[in-house]
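As written, the chain order gives the labels A, B, C, D, E and F, with residue 1 at the start of each chain.
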Amino acid sequence: MNVLAIGAHPDDIEINCGGTLLRYRDEGHQVFLALVTSGNIGSNLLPDRETIARTREAEQLAAARFYDAQVRFLRYDDEGLLDSAQARRDLLNAMRWADPDVIFTHFPGDNSTDHNVTGSLAGRVMLCLSGKNVPSDVPPIQKRPSLFFWDTPAGISFEPEAYVDITRAFERKLQAVSCHQSQLAWLSVLHPHALPERLRIQARFRGLQGGFEYAEGFRAFRLHGAMPDFSLLPLK
Amino acid sequence: MNVLAIGAHPDDIEINCGGTLLRYRDEGHQVFLALVTSGNIGSNLLPDRETIARTREAEQLAAARFYDAQVRFLRYDDEGLLDSAQARRDLLNAMRWADPDVIFTHFPGDNSTDHNVTGSLAGRVMLCLSGKNVPSDVPPIQKRPSLFFWDTPAGISFEPEAYVDITRAFERKLQAVSCHQSQLAWLSVLHPHALPERLRIQARFRGLQGGFEYAEGFRAFRLHGAMPDFSLLPLK
Amino acid sequence: MNVLAIGAHPDDIEINCGGTLLRYRDEGHQVFLALVTSGNIGSNLLPDRETIARTREAEQLAAARFYDAQVRFLRYDDEGLLDSAQARRDLLNAMRWADPDVIFTHFPGDNSTDHNVTGSLAGRVMLCLSGKNVPSDVPPIQKRPSLFFWDTPAGISFEPEAYVDITRAFERKLQAVSCHQSQLAWLSVLHPHALPERLRIQARFRGLQGGFEYAEGFRAFRLHGAMPDFSLLPLK
Amino acid sequence: MNVLAIGAHPDDIEINCGGTLLRYRDEGHQVFLALVTSGNIGSNLLPDRETIARTREAEQLAAARFYDAQVRFLRYDDEGLLDSAQARRDLLNAMRWADPDVIFTHFPGDNSTDHNVTGSLAGRVMLCLSGKNVPSDVPPIQKRPSLFFWDTPAGISFEPEAYVDITRAFERKLQAVSCHQSQLAWLSVLHPHALPERLRIQARFRGLQGGFEYAEGFRAFRLHGAMPDFSLLPLK
Amino acid sequence: MNVLAIGAHPDDIEINCGGTLLRYRDEGHQVFLALVTSGNIGSNLLPDRETIARTREAEQLAAARFYDAQVRFLRYDDEGLLDSAQARRDLLNAMRWADPDVIFTHFPGDNSTDHNVTGSLAGRVMLCLSGKNVPSDVPPIQKRPSLFFWDTPAGISFEPEAYVDITRAFERKLQAVSCHQSQLAWLSVLHPHALPERLRIQARFRGLQGGFEYAEGFRAFRLHGAMPDFSLLPLK
Amino acid sequence: MNVLAIGAHPDDIEINCGGTLLRYRDEGHQVFLALVTSGNIGSNLLPDRETIARTREAEQLAAARFYDAQVRFLRYDDEGLLDSAQARRDLLNAMRWADPDVIFTHFPGDNSTDHNVTGSLAGRVMLCLSGKNVPSDVPPIQKRPSLFFWDTPAGISFEPEAYVDITRAFERKLQAVSCHQSQLAWLSVLHPHALPERLRIQARFRGLQGGFEYAEGFRAFRLHGAMPDFSLLPLK
């Protein structure tokens, strides 16, 4: 099975579904990552946007090795993502490139701007995957994947429909997250909780809800012709 | 009374409010149709986008005869609709052209991309209809129409507020839908239910809810200065 | 696996999850039915409440044979169900009697009075199943079953979270329903749609949504200590 | 047409749908009032519960003359209303007594205790109106009335679905309210706004929303077999 | 200021608002506790209901010392709480006894049965506190307290409106919880997470959301005449 | 403290939070206003868009004097606001310019088009305020302000979370509104209620809900890293 995760910024994928991706990879599935932006404002410490982007892409590639994943960078500007023909086409390219059975991305109700635009864009192209007249560089695919939305930052306004047990994957998830060295430093400025601690709290809480030690929570996108199949999640 | 239906693609109008438009026409009202896209990716069988668009516009014109409707094509790209100044202006033009008492269009909560953009755009221009300084090619109108949203594909996440009895119009609705020959073939690839059967199921279900044999269901747009008048629906 | 369905009245079980129960039985699971009332006002044709109850219990037993199910009657008054210590105890008895892995019942948001009281009562005793100090005639059980709510009449205000394919079971479901002869006659007085036709419409509509020819739709009860496991549904 | 209003306490009917009842009466319809409690704790000034009840029933009868209404007192204890077999039977009796086409009562989402119990009870018996085996003193009726819920105190958590223009009836509504002399005094202790002023504010606000000078707002009860017909409201 | 916490069972208060009560007590306010049941089924280890109740009341009294609180036991049966005239009167007595400025209790949307009945009952008597004709053993009070609902077990379906920083109180909260020795053992049978660990996870998660190290989250009851004043919470 | 109000059009600020701004100013805080459009279609009486804009900016400057506020005009086209990189940058500039502790703007659920785009844009840039790599003309700020949404026109689909008492400020609010002379005339064409009367009704109604004579109601934006602090509102 092919599994695609679409993150707004390098580190979003590891933070929100790293454990689930590790579960898929452990079961022999192929993981693909698409990064909409390269997070080029995501530092007050690095000198300029280009350096930040270059640094973060390298960090993302390192993290991707934890799931033996292929990676595709769409290179939009951080905090600058907009709904546009080009963005839809690039998302469509990424989806066709991965030929996925399951797709993970941000929840459209997430109030972080790149997050909700990414989540909306993913939904917008779901019915185009097989359309031969929809312009993209990658040829149409025949699969009709399920689209799942991962948790919001600190779980604000997000009630999971399903929980994936990541107990055995959690420490590796933290290792994958720790590839994003540039983020560990400066995010501590923004938030009183260090990132790994934050992730532990959230995974423990979702685990508490779902009946596991550590878990990641998900909701599904629903549209006629693109209804979700929850049994594709590594629920057991 | 003037009745305007705004569809994202040729066939959306017949599928979602064809029965209601037939009721209006039977009562002597004038029907207008606006098509935001010409559905130019809506086939995997026809050779190219231009052919698809030409074919579908002809199909739409044929269907429009069932309500003696005038038709206006805005000719946006299928699955490519975006919120933009031009799109708003074109919607405004279409609304002013029809000088409507009632408007029908897609529900903004419909997860199909052109559907929700169309639904949102319609709401966006509602307060501009009479503004003489809002640029459009068609002069301002004085009416303050009610805007109703029709059902979603397969009724996902849609709870009607009102039901229109289309029992006596249903077979003619299917005939109008069957003008969209190009769609009947390839949509069966996407969905396990043939389109006419799908419409019968949905109309029977909405009828079951509303207390009729066949029905179409609607919700209303609400905004101070543009509140809905449900008594304009052909409810009896 | 043990599967328990709890209906407010004889016929509710067949109407709302007959197809799903047939699926379980076809897979070799053991089905149990509990009827909270015997529907003793459910006729304007039979002479008195006792006759109605006796007739309907016999009909229910006939229907139960379609799933080789054991049946338990709690014999509350139709349209008279109230939350009470006795009703909770009887529900608890019924649940312990079936020792279920999965439980199905009415949705607490169903506006039909016995339906929502039954649905609420089921949820109220979920945490008591294993408590040795909770008084009931049947000893505590160790299982922690999942509780699912079936559809509402005509699907009003009900959005399924999961769909069970009942295509191959649907005609047998109608046969099971037709055991409730006393209901087929007089319900046609209340509703413009005959019951079998009504069930066909609703199953076809839920099938349309879920991607099947015929389906039944369900939502889950969620409470810490009693979280649902959707994989117990016969989803494939 | 017969119109029934069911209030938890004397004054609730005048306060929440007095204007609408006046509209019905002006159009020649017959109005019926049922009072679930006689509001026997509704005073800190009158000496005892019996005196309060007697006083308030007299006030209610005086107010009823504004709509030439017949009145039925169920005489439950104020702030003591519970869901019970007796309460359901008494509600059913009241509904059958009025043989109504339209029923008005409190919204079940109203956080005032007698209000939400009254609203729930009304919904609970809706399907029993015609059942000959449902015990009540009044014989079954054949009508299938629409049930509407009126506004909450100060409109908290209430979004109307429909607005009735009470502009020409508003001053008479205030007069009807002023029959409840015992309430005008002591409620001013509880609230910083005098009751008539409070009603004026709320009616003006609902009017502002609905496009009238003064209005009352309503929501509908929805259940298969008891769906609302908004055209029965005096909307024009 | 007087602060009243109303728990369905001994331990609910410590679990859900122990930290907040410690904050109040640290600021010199007077804390009152009311226990609706004595949790008399809350053990599979103790021999009988009476022993369980006696044990748990003693545990509750020990815990109460952490806030120097007065305690009142209403002694209803565990998992047997029902809406009734007596239960309302006892709740009213408890509220008048504490003469509170702020009240805390369970959320009515909590699916645990005693929890939601307790939460609903509290709301039901809010408007009776000052009514001299509402029968109770304790005389009416003049205050109009704010009613806040605490979190659900594992935070299922609960989105806080406000967060109270309990960082400095958290370890003492755990000590207060650990007074409930009878619960620490057997709850570990029901849940994979030990109770103190569960509380740590939930407090850390609510802290993460609210911007603190440890927090408790709350929602408010809203009713005209009993609107909440969030500034009464120890927010700073 | 610095307080920033962001209005879609001249007059929106006075209409929706004029009273609250007066409260802040009375307490010695510094008020800043940003106007996204200059309302250049907001008249059917003035000759052209440029004249309207010039007129309305002058009116806004006059109104701003009531709070001794500094004003910044972004000069987008009225009813033409779109989510764009430029619009986000301009909003960000405005926010950094004011260096605010509290921000007020339109509710994203407001169906008026410029209103909801403005409200969404404000939320979109909240996490960029301190980012040194986010391009804007004004340097980054260190504050992490709270963002509050004001009421909708006529309060449609808006339930306040908090109410600000504007009783002593209301008449001055009306004076500030009356600076917008160009609007007082032509809006009476659109609405049956004159603007000052409309504002009085809405403020009285929100006051009724919140327990004041006149009030303005607000909801909060919630996002990890930008959570609201309600105690910054002038609640007392």
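Throughout what follows, a residue touches a chain if its C-beta (ideal position, glycine included) is under 8 Å from a C-beta of that chain, and two chains touch if they have at least 3 such contacts.
What you are looking at is a predicted structure, and each value in this text was computed from that prediction instead of being measured.
*Asks:* Which number of steps is the smallest that gets you from chain B over to chain F via touching chains?
*Replies:* Contact-graph shortest path, chain B to chain F, evaluates to 1.
*Asks:* Check every other chain and keep only those touching both chain C and chain F; list them.
*Replies:* For chain C paired with chain F, the chains in contact with each are A, B, D, E, in label order.
*Asks:* Out of E-F, C-D or A-E, find the interface that copies B-F, where copy means more than half of the contact pairs are identical.
*Replies:* It is C-D that reproduces the contact pattern of B-F.
*Asks:* Counting C-beta pairs in contact, which chain pair has more, B-D or B-C?
*Replies:* Pair with more contacting C-beta pairs, B-D versus B-C: B-C.
*Asks:* With centres defined as the mean C-alpha position, give me the chain A-chain D separation in Å.
*Replies:* 53
*Asks:* Using CA atom averages as chain centres, what separation in Å is found between chain A and chain F?
*Replies:* Those two chain centres are 35 Å apart.
*Asks:* Could you state the distance in Å from the CA-based centre of chain A to that of chain C?
*Replies:* Taking the average C-alpha coordinate of chain A and of chain C, the gap between them is 40 Å.
*Asks:* Among the residues of chain C, which ones contact at least 2 other chains?
*Replies:* Residues 83, 154, 156-157, 208-209, 211, 224, 227 of chain C each touch two or more of the other chains.
*Asks:* Among the chains present, which pairs are found to touch?
*Replies:* Between chains, contact exists in these pairs: A-B, A-C, A-E, A-F, B-C, B-D, B-F, C-D, C-E, D-E, D-F, E-F.
*Asks:* Note which residues of chain C are touching chain A in the complex, please.
*Replies:* That would be residues 161-162, 208-211, 224, 227, 230-231, 235-236 of chain C.
*Asks:* Which stretch or stretches of chain B touch chain C in the complex?
*Replies:* Going by the criterion above, the answer is residues 154-157, 159, 192-193, 198, 201-202, 204-205, 207-209, 211-213.
*Asks:* Mind listing the chain B positions that touch chain A in their complex?
*Replies:* Listed in rising order, the residues are 40-44, 48-49, 52, 77-80, 82-83, 111-113, 152-154, 156-157, 190-191.
*Asks:* Write out the stretch or stretches of chain E touching chain D in their complex.
*Replies:* Going by the criterion above, the answer is residues 83-85, 88, 123-125, 127-128, 130-134, 221-227.
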